[in-house]
Each structure stands twice: as structure tokens, then as C-alpha cells.
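Listed after this line are the structures, all set down as C-alpha cells.
Consider the two complexes below, in which chain A is the common component and chain B and chain C are the respective partners.
So, the complex of A and B:
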């Protein structure tokens, strides 16, 4: 552990800005967004949540994959070489989400587009002390503390931050900077006091244990609840846009009027949208809103765990906040749990 | 030095195809064409029967198409049988020999042919399902001595819809593969079987214990064929099905082909019934 006095925070960030693009939460129309900062005094470390998660820096909503000439068949990959970037003040839920994205994009064939951005980015996270919003359920999902993989993690000790380093890339942001002190006994005491003091501020929002989530969802495949909330779902795909672990995409070709030069582009897609699982010829493998909604919940709480060893949900609550039909994971999962308990052995 | 086509993915972008030349085209039916393709010199496709490639017409898009030629006979060339059914396949159907397309792959897992040695094999093909199975059938027939009894059950909508007519003829003539075909709707002059594909199953009297069934066809066909195969006593792990999903990227990233925890483009498209029987969405 090291100590960063709060009055040196801005000086540190200004120093980082010399050779990095620095991205941080910024207020915008009463909400917070992640954006590049042009001065250290724009930095906000105390924010509730961001509209979009930081995934947009690794998987932009729209990106070119390669350019082509349809006549000559020349093709050229577009791998964006970004400048070294530091993303500041990530909440631990978002850090867990990036860990899942890393695993998915690095499994099998590595996605070079993702990788090029990711390996130039260092993440500075911050310990959450208070719940950010009523829709969040990070404590239930185990994402209220820092994951195994992190770069630099800050904990607010009042007039100073405790600074933990988890990687070489993180160490490179700290070493030789001159802003960081060695912790004193009092700092360690304060750290332990702060960490112990934060947990009671958060509630377990799910009625079942996180390890039971795959079983609960597995037992709820035929639950009537999917039809009930499917009735309300607008199939708008908002939940997937704001989700820090959703990464599904569509691919489209764009070509000039001479039908010669063009590019292949990927854009964010959503498994909630109507055409997502339709194959050529028209057969739709998930032909109702209920089916699509169920697929999303299953994916978050069961399928991704089975496929990648990590849950697909980090409990950030953004989907609940943004859903125009007020469909929330907390209510959905707790209702499934209630019905399972009411009729054990039967479908909820 | 030959380069495997799939190795190109890791060199630049996993989404960028390699150009391939259309060297011959044959119109099988009103909707289906057969394409003979050639990779640039030095490239080989090295696929398993049942695997697919992502086919690009630059400016139009990309779609997954299963390879219908035999791996052993493919090398730098391979074949596709394509139904004109969407934007990409319509564009593909307009292309003449000499035209260039893009290909990526081959992707996923095909039929585990090594596990079929010494077994009796029933190929069950519905419509376009004969395309991926033709790759397997050719492979099996080329080394016919490795297998027990072999039969093909093939159903098409009408007698005009049969694919690979030359192959069907030569298979019927060679005598070491039992061939049964049926049509949903007969036309004038048809004196063969009429009815759905399951009406052909009773014609096969292989002992179930040693039988492998490979089933490829439209989604609606699977439930009924499975019922009959299981009733016959064919083991769940010996029934191999190819799953059609919207395999947009082929590399397990885009999410479109996911059924349960399985990315069809990676773990599939060929899966055994034992692997999918508890996945509610797989066969619905």
C-alpha cells in the first residue's frame, strides 16, 4: 500500500496527462459520463454511476473492422492504435465487467480490435463507500470489492487515498512520480477502519446467494414470470446498451456510390431486439419478448458462468435504471426465488 | 509451404476474409446453386465435414455457409451449395465464374468422423441438409472399408428439389451405400416415396447399438427424426445434429448464435443429442 495525499491528486493526474489520455467521470446534464478530461480539476472521483459503462473505450458503439475495394478485392484491417490511456475512478463493478470482457475477447481467436485498445489502457479504480443507487446489487454479486486483476486501486481515507497496485502497468503510473508516501501505522489502522465501516452501508439485495443464482435460473426456465415481464418489455435494447458486460454486435458493409470502396463496420447489437436470433429463411429461434428477456437473464446469471467461468452480471443496476418498463434484475430474481420457495420442485 | 486458411485470422483481424475465386457454378434447383471455389495459391482449407465458412460479398455482407466438399479432396479448392434466401445469398447467386468473394474459416466443430470407424452410419438429410452431409458422405465412401453398413435417407420438397444429382446417381449405383429418397409433394412421373423423411427410417434395419446417425435439415425436422431414432434404440451420444443459427462472426464474439452457454459457431454447429437434450432452446 502507498498513500496519496488528496492535495496531490490533481498534480498526479496532470503528470499522467503528459503522456496519457486521461478519461474520468464528468458531470453532464445531471448525470455522469466517462469522458476525456482536459485538465485535472475536471476530475470527479465521487460520482454515483455513469450513463454508459467504460466498455465504450474498448468496444466503441460503432467501429470499422476493415476497409476494402470490392473491385480489386484489396482489404486492409483497421486496428486503431490509441494513445496510452488511463481510465480514472472506475467502480469495482465496472472493473469486474472488464475482467469478463477480457476473458471473452481473449478466448479462442483473440479480437485484435479490442486487444489493441485494451493493452494501451490502464485502469485506476476506487473503492465504493456508499451505495450509488437503489438499483445496484453489487454486494449480492460479490463485486463490491476489487477483482483479482486490477492496475491501481484507491481507497478514500479522508484527507488521503490508500493506493494499491496490482500490475506492472499500474506500477508504472506510480513509480518515480514523487506524489506517493509510505503508509504509517495510523494509515493502516485508518484503512482497516474504513474498510470495515463500509460493509454495513450496503445491503444484500438478492434473496438468494450468488452461488445459487445458476440453479435458480436453471429451475426457472419455464416460469410464468418471463411471460409476465415479457408483456411489459418494449424490446428496446436499452438494458444491453448500458450493460457493462454486454458485447454483442452486428456487422454491416458500407460502400460508396461507385460500388467500389467500402468498409465493414460493427455496431452494438442487442439480444432483446426482434431480429437477433433470426436465420436466413426467417426462422426465429427466440420469437417473443419473453424468450429474449429470459435469454438475457439466463446469459447474465448462468450461461456466461458456464461458458467463461465468470458471471455475466456485476450488479451495477444500470439496466434497471434505464428500463422504460421498470424491469429490474433485483425484482425479477427475487420473484423467481419466492416462487421457487412457494412451490419447490415445480417450475416457478 | 501451405497456409491453413484459418491461420490468416490471427495475422491481422479475425473479421477480415481472404479472397477466393469462383471457378465454376451449377444451378441445382430454382433456389440452389453449387459453387466451386479456389483459394489463393499456397492456401488450404483443411476443414472437417460439417464445418462452415463465412462467405463475404464485399459491399453486401457475410453469411455462414457449410462446406459441401470432402476435406481430403478439397486442398486449395472447395465447394459450397447455397440457397438463395437472403441478401448475401442473392448477391452470391448473381456472381459468375471468375468473380471473387471473401472467405473466413473453417469454423466450429464438424462430425467426429474418427469415432465413426467400425460403425453403421445413417445419414439423414432434409433439403439443403444434404450439403454439409455430402462432405461427410464423400469422406466415408472414399474410405468405405473403415465403416460398417452405410445408408442415406434424403427428403426433398418435390422431385425438382434434389441437390447433387450426379452424386445421388453415383451413390445409388455403387451398391455399398443404401439410398432412400422421398419427396413431400410428388410431381408427374414420380414413382418413388412420398412423405416426410421419418417414413424412410423403417427401411433401415441396422442394429441400433452399433449405429451412428447424422442428421441435418430444417429445424422442424429434428424433433420427429430424433423421436424415431431414439425409439429405435440409437444411443443419444451417437446421434449427431448440425444446428443452424445466425453465426454472424464465426469466432464466438457477436453473440447471435448463442443457445444456452453454447456458441454454436464454436462448440457446434455439429453437436450430439446427448450434449443438447437438456438445453430447452436447442430443439424448440
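So, the complex of A and C:
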């Protein structure tokens, strides 16, 4: 552990800005969005949640994959200049989500665009002391503390931050900078006090144990609840757009008016949209809102765990906050759990 | 050979054609790929041998029908340009009121001088090959539609809701700002310009293919709108479509 006195925070960030693009949360209409800062005094470390998760820096909502010439049939990859980037103030749930995305994008078909951006990015996270919003359930999902992989993690001790370093990339942001002090015994005591003090601020929101989720979902495949929430769902897709672990995309070709120069673009897609599962010939293998919602919950609570060893939901609550129909993971999972207990062995 | 293109208007404000003019000014290369033979807003010549017809405006009079059919006969491709042609537009607000009452309200004692009947989108009169939605249309979408036509494809417009555009540009949702929005049931494609400017969507691009009307009304209610306000919000651009969904015929 090291100590960063708060009055040196800005100087450190200004120093990081010399050779990095620094992004941090910025206030917008009562919410926050991650954006590049142009001066350290714009830095906000204290925020609740962001509209889009920081994954947008590795998987942009829209990105050009390659350009082509339809006359000469030539293709060239788009190689964008990727600036070394520091993302400030990530919360631990978002770190867990990035750990999952790293695993997904680095397994099988390795996504080079993701990898290239990810390699150039260092993450500075910060410990949450209070729930960010009523819809969050990180404590239940075990994402309220740092995952195995992290770079630099800050804990607010009042007039100073405790600084933990988890990687070489993180160490590179700290070493030789002169802003960091060695911790005293009093700092360790304060740190332990703060960490012990924060837990009671958070509730366990999920009525079953997180390790039970795959079983719960497996047993709930034919639950009537999917139809009930399907009735309310608008298929607006917001829940997937704001989710830090969603990564589905679509590819579209764009061409100029002379039908010569074009490019292939990839855009975030969403499994909640009506046409997502339509295949050639027009067959739609998830043709109702209920089916699509069930698929999404299965992905989050069961399939991802089976495929990648990590749960597909980190409990950030963004989907619940965004949903115009108030469809939330907590209410959905707890209702499934309740119904399972009421009629064990049968589909709820 | 450059395809010959003609523009026509029926009941509308000509704002979409103005947007086309503006697009032509910004993208003069458009004129290298198409030949415009008729465009009352921009030229006096009137060529009748066109392959592509862009039609602005809704059909609001019996006498519109013959002209619309004539265009259909001549053109290989008919494109509905903007909300009036696509949805009946603002003109269709009157479809929920008794026609006589509307005539009196608008024309007073001269009400018998003008022919009129409930406003309808082009597709209620003829088969339409493609639509460029919006009030007014989006410049980029118009240019993209032209490239699709040149490729021999049907211009593709998004079939998903505006919330997708809105979240891709990371707007803070109007509902979270204590306002209301029709984005969850409205067709995307305008880059959610209204929410980006701090206004809820009014639905000018029309409903998505399977809108959950019951749920959007509930969301509007929860955000403080009365039943009358909800009905008014859904009437601006969506009267024709919502009446169709409800199975109601114009009074």
C-alpha cells in the first residue's frame, strides 16, 4: 500500500496527462458519463454510476473495421492510432465486467481491435463506500471489492487515498512520481477501519446465494414470469446498451455515392431487439419479448459462467435504472427464487 | 446511365423537399449520380419520364388519388419522403375528429369550397417501395437511400427503437431528467437529435414494427402525464398508426 495525499491528486493526474489521455466521469444532467479531461481540476472521483460503462473505450459503440474499394476490390484494415489511456475512478463492478470481457475477447477468436485498445489502457479504480443507486446489488454478486486483475486501486481515507497496485502497468503510473508516501501504522489502522465500516452500508439484495443462480435459472426455463415481464418489456434495448458485460455487435457496410469507396462498420447490437435472432429465410428463433428476456437473463446468470467461468452480471444496476418498464435483475431473480421455493421441483 | 428522378408533393409543408435541396448543396456529387427531371421547388422544367419518384405529403383529397396513381404507373420506384407521406403526418391529427367539425373549424363558412377527407399515408393509396422517415427527413439518410437505390437495393431504414441511437450517443435519458419521451416505441435513425437537445422524442419517424403501446402509456403515466396528455402526445405524428393499431376508422 502507498498513500496519496488528496492535495497531490491533481498534480499526479496532471503528470499522467503528459503522456496519456486521461478519462474520468463528468456530470451530465444528474448522471455521469466517462469523457476525456483536459485539465486535472475537472477530475471527479466521487460519482454514483455512469450512463455507459467504461467498456466503450475498448468496444466503441461504432467503429470502422476496414475500408474497401468496390471497383478495384481492394481492402485495407483501419489502423487507428491508439493513445495510451488512463481511465480514472472505475468502480469495482466495472473492473469485474472488464475482467469478463478480457476473457471473452481473448478466447477463441481473439478480437484484435479490443486487444489493441485494452493493451494501451491502464485502469485506476476506486473503492465504493455507499451504494451507487438503489438498484445496485454488487454485494450479492461479490463485485464490491477489487477482482484479481487490477492496475491501481484507490480507497478514500478522508484527507488521503490508500493506493494499491496490482500490475506492472499500474506500477508504471506510480513509480518515480514523488507524489506517493509510505503508509504509517495509523494509515493501516484507518484503512482497516474504513473497509470494515463500509460493508454494513450495503445490503445483500439477492435472496439466494450467487452460486445458486445457474441452478435457479436452469429450473426456471419454463417459468410463467418470462411472459409476465415480457408483457411489460418494450424491446427498447436500453438494458443491454448500458450493460458493462454486453458485447454483441452487428456489422454494416457503408459506401459513397459513386459506389466506390466504402467501409465496414461494427455497431453495438442487442439481443432484446426484435430482429436480433432472425436468420436467413426469415426464421426467428426468439420471436417473443418473453423469449428474448429469458435469453438475456440466462446469458447473465448461467451461460457466461458455464462458458467463461465468470458470471455475466456484475450487479451494477444500470439496466434496472434505465428500464422504462422497471424490469430489474433483483426483482426477476428474487421472484424466480420465491416461486421455486413455493413449488419445488415444478416450473414456477 | 444516371437514373431520372422526380419530386412531388401533396399535403405537406415542403420542409422535406427543402431538406433535399440542402442535401444537394452539401453533397453536389449527388447530381453526378442522379438526374433530376422534375422538382417544383428547384426548377421550372417538368420531365415526365422518370424512374424514381420521391413523394412528399399525405393524401387528403379524393383528387390526390388519381395523381398519386399516375406517378405509381410511371415510376419504377416510389419513395415516401418524410412523415406526411410515410405516416399521414400532422395532417392526420384530424382523423379522430368528425370531418364536418374540422371543416367548419378550419374554413368557417367557406367549408364547402374545399374538398377534403381523412389524411392518409401514401401506402394507403398505392404500393410504396421505400420510406425516408422524419419531420423533416434526415439529410444523411436521404443520401444513404440514394446510394442504396443506385445499388439496386431497397433503402434500409432501422427497425429498432430510438433508445438504441440515444444510448449509443450516451444521452442521459429524458425519463431520468423528469421528462417524457416516445423513444422506446419510435423508429431509430435520427441519431436521437431531440433527446440530445434536451427534448423528448415526439415520434416523427413513426412506430417501430411491434410497439408496446400499453407499456409506453404506463411509463408516460408514471411520469405525471394525464390520459389526455398521453393521447395528445401520441396524436402529433402517430394518429394514423395508433388508430390502425386500435382498429378505429376515421370519424
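Rule of thumb we're sticking to: the second predicted complex is superposed on the first by the 347 of 348 C-alpha atoms of A that agree within 3 Å, B and C clash if a C-alpha of one lies under 4 Å from a C-alpha of the other, contacts with A are read in each partner's own complex, and residues count from 1 in each chain.
To be clear about the criterion, a contact is a pair of C-beta atoms (placed from the backbone, for glycine too) under 8 Å apart; a residue touches a chain by one contact, two chains touch by 3 or more.
No experiment lies behind these values; they were computed from the predicted model shown.
> In the superposed arrangement, does A:199 touch chain B (first), chain C (second), both or neither?
Neither chain B nor chain C is touched by A:199.
> Under the stated touch criterion, which partner chain does A:221 make contact with: chain B (first), chain C (second), both, or neither?
Touch partner of A:221: chain B, not chain C.
> Applying the touch criterion given at the start, work out whether A:104 contacts chain B, chain C, both or neither, answering first, second, both or neither.
Only chain B; A:104 stays clear of chain C.
> Once the shared chain is lined up, is A:79 touching chain B (first), chain C (second), both, or neither of them?
It touches chain B, and chain C stays clear.
> Between chain B and chain C, which one contacts more residues of chain A in the superposed model?
B
> Contact-wise, after the overlay, does A:255 reach chain B, chain C, both or neither (first, second, both, neither)?
A:255 contacts both chain B and chain C.
> Examine A:68 and indicate which partner it touches, taking first as chain B and second as chain C; both and neither are also allowed.
The answer is first: A:68 touches chain B but not chain C.
> Applying the touch criterion given at the start, work out whether A:303 contacts chain B, chain C, both or neither, answering first, second, both or neither.
first
> Of all the chain A residues, which ones make contact with chain B and with chain C?
The answer is residues 255, 259 of chain A.
> Hey, which residues of chain C end up touching chain A in the complex?
Those in contact with chain A are residues 27, 29-30, 32-33, 143-144, 146-147, 150-151, 159-161, 163-164, 167-173, 175-177, 183-185, 208-212, 214-216, 218-219.
> Okay, in this complex, where on chain B does chain A touch?
Going through chain B, the ones touching chain A are 9-10, 12-17, 19, 58-63, 83, 85-86, 88-89, 100, 102, 218-219, 244-246, 248-249, 251-256, 258-263, 266, 280-281, 284.
> What part of chain A is in contact with chain C in the complex they form?
Against chain C, chain A makes touches at 28-31, 33, 51-52, 56, 61-62, 231-238, 241-242, 254-259, 267-268, 270, 273-275, 289, 321-322, 324-325.
> Flag every residue of chain A that touches chain B in the complex, lowest number first.
Those in contact with chain B are residues 65-66, 68-70, 73, 75, 77-79, 104-105, 107-113, 221-222, 247-253, 255, 259, 262, 264, 266, 269, 271, 276-281, 283, 285-286, 295, 298-299, 302-307.
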